[in-house]
């Protein structure tokens, strides 16, 4: 049996998930909703789905699961609506920019026993999965340090920045989740530094574009995150995990596996510069994992709580910068 | 308008092409034929296609193009049948193991003005395409040497070897085509060496498993091919093109982009070891190119003549070994 | 004219400098001093030098320069003695573990107008020099982040740890100097995290073996240091500098430039695991730079002040850990 | 006891060997001879040696060994003179361009029981030695193919070309020796292709600048050599050995271990472009091996016979091109 999907929000990321659903043999795209009718129409037409309202989807018998790709400020309300409607829910990060709202939303999810997966697609990247597998196989011994380098090719529009919740809640949140996923222990402390190096307009919007974070666990494991909103050479996404016996690294993805050698040197192409191509397989794997979770009643992973924890760490990073000190957090 | 396909032969490579057709927005899989009913059923079911006989496909109004994936000895007959039937034809290599039979078949294709593309999928590999693009952009100046390393992860079954036409017609033929594609000039001479290092049974079957070829063009360009039927570390597929200003190389594809560093060293995973995963994107691109060719009446590339030329070079390689001398060929 | 040297302290690092002096065409080793007579004898014999007392060296007419490789607690006194004696001075880091003592010593150096170079050999590593040259050529635009990874192959003996001043003054001090060298602006803030992951005995000695540091400059540039006392795969020494136009990295040095490919993957040897072989050329370049400085009266670089600044940053790192907050420093 | 050396010929390669002798703790440079007095003076002065005539060196009591770096046409005569004089002999390749003359010379060496080492310095390159060590450790199983890429950064002057004996005797001879060293079995057949792609003047001089060679052994092992007189990206020196269990490769040496990443891609510097810097350590190791051989009466390796065998293979390569066929050789 195929899992029957509706996609809520037909924008860029909604299109990514629609394609992944279409490509999955155990999933089918039944309906699309978007406040912008042309966007909804276009996406529905492309995959032979219907355009419906959100409420119609919530009450439909032929929908098993929804993918929430709307603006962030609708996420929590929609999660609650579809939890009550008995649909499985896959929600883009973040659940909300406010921790209290997230907690309330997750309480509803728990009371309704709804299935909720939060979209941290990096956990499904084949290279990152291979890295995690090596750690779990014991190849590097006990984890001691997680070193994450995560730099966007170019900053988003200032309007996006203003609504984004800032670099920690919008961008670093992926890295904070990856750090949690790899550390193997709850984060106990957070400290961060941030500055505006890329575009003064980002500073004018009250945000940063360049940041470093250090986290520690109770046993002394450490994780660092190095973020920039603009890397001239593409979308820089590296993981390095250092342990008692060695180190495992996930390398970047270049535009092609070619090298040109001339008097100017040996040159490989720059990195893939778009998150949708860089993480194309991750998005497909992520939907496939959600489909299995819906079909077999497994616990969603990453869960709503994973979304909450990453947000707590993002908030702690920002607090650390404001207060110029180490922040102790109570995470799991 | 979608190009409507039938796949003839539901074996391993037929499945590859069926998947590529399904994934192409401008193509649809309508019918499957195979002498083995269960194989035909399984493939047709997977993609919602019908099982039909070859003759029914030839006379069908709802079929625009066929993909020929049958045993080699049926290729030429089927090409002729479908050329007369007015279908566009995509045929797995080789057209035939016999040059005279290939020539006769191509004469029919020409007289019927049929569209025929021969399946040399490597020309559609994204890394190899990027390499070719660099050459055409003039980055390495004039081509002087093409160096191809092409080693299978493991030899095929002996029964396959016996029917294969030998290492040059079965395996090196891909490299011979790539060499032609990159040299930019017709091959004028061929010389080769071959031996049995991997499995004596291959020698007993009258074939070789280890070979080197040198080709030259009239102006002095040289191409070399290094083949083995068994590479312990995976499917080794490298191209290096050396020119007056520099060199461009296409690197191998590892199982993942990870590195483990321990006291034993820095280890990347072995190479992808299956041609279908290694060339997954090449197969998709190849079908997409054929679809465009069918839709827009473009000349198929690689053409039937490309299949012929590669076969002539394979035969010359074998002749060179038998006669222990350089063979002059009349190629284009 | 050759610069005539005495080496004070015939231990491991004294031997490194003696070899560098011997190999420099513009330098000669005249005398060696060491409280341990056999060590002094052995080193003097190897290079045809004489064994002398420190006082004899200070008053000798045939000595232009001294290399101070004694235990750290003698450094400042010896610098002062030889500054008054009119000799050029090359001193192993650190000048002293106490900032006030360093300041007093540097005041003497200034009042005597002595030449003093402090041994931060990494500035003379050919790869790091090439990296710096690219930055200065503008290739990466304005520096925004300096990312240093610096991990020893194995911790030193606990007795050494106890006398070392701790991980920041003993080990990170090299990285703190490299960060200053590459940031291009004075460090304004320091924050750090540290833990004991490698050996509890290091913790018992009041030290750490695993640390991360973040520094910022007034304009917002950031530098990070990632330290461990034990890397299973060798001596890990990497620099990455990220700027407005791109990034430049200095890679590690493996035991050899070979790769073995088998079913277990593609394996390069581990890293060189000894600082003397890893930095062999850096030590030679460093002495050569000092020789030029002595011959031509140039200002020594890195200077005594560079030694002081790195120590201030090491102290600030430690203070940050104790006080769990960002430390503002007044550096240049 | 130090081995006391005279260097015959104070040109570029003579200077390389003089430096290696000076840097070896068990060797000393006593005398230099060169028909050009200023060259002899300069080299002798640099290392505190005397200028002497060749005959004076032959009859001197304070000379144990000579390094022959004169023009090629003097090599065989000098070997014979110093064999009779009872000196150990280290001779630059080739012994002579004529096989018969080499055989006669080696007969004299044998009858006088002289120690003769031929200068194939690549056998002493640390990376190539590490590669050989892996083969001997059985890591790649039985050797099946040796693939050598050897391209000079730029062609030598035409005058040099004219006296050189041609690309096979002058340039490929190093690769032919390396192939012999790694194949583990005598070469049985040789076939080659060559052309003029770099400079027509090389063709006018009767030589080639671009070549490929295939060799086979009786058991079917194969070795290939890919040569060009001009590689735009530096001095390209790669070895790949493929065996029943895997492959071992020696990588190139770049100007530095740095990478610059910008919108134009990831760029490493070009290769070291001078044989003296590329093989600096090989030259030092080579002299060190010769010194041990002289001190301990070990058999020189590579021997005079190794020089002869490589010359036979070079001649066979040329014959193969002229006769357009495979040449069978009787080598050991």
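As written, the chain order gives the labels A, B, C and D, with residue 1 at the start of each chain.
The rule we apply is simple: a residue touches a chain if its C-beta (ideal position, glycine included) is under 8 Å from a C-beta of that chain, and two chains touch if they have at least 3 such contacts.
Just so we're clear, the structure is a prediction, and the values are computed from it rather than from any experiment.
Taking each chain's centre as the mean of its CA atoms, C is the chain most distant from chain B. Comparing chain pairs B-D and C-D, the larger number of C-beta contacts belongs to B-D.
Averaged C-alpha coordinates put the centre of chain C at 40 Å from the centre of chain D. The distance from the centre of chain A to the centre of chain D, each centre being the mean of the chain's C-alpha atoms, comes to 57 Å. Along chain C, residues 140, 232-233, 245-247, 261-263, 269 each make contact with two or more other chains.
Contact residues of chain D toward chain A in the complex are 232-233, 254, 261-271.
For chain B in complex with chain A, the touching residues are 23, 126-127, 130-131, 134, 139-140, 245-253, 255-263, 269.
Listed in rising order, the residues of chain B touching chain D in the complex are 140-142, 144-145, 147, 149, 151, 189, 191-193, 195-198, 210, 212, 214, 216, 219-222, 224, 226, 228, 230-233, 236, 242-247, 324-326.
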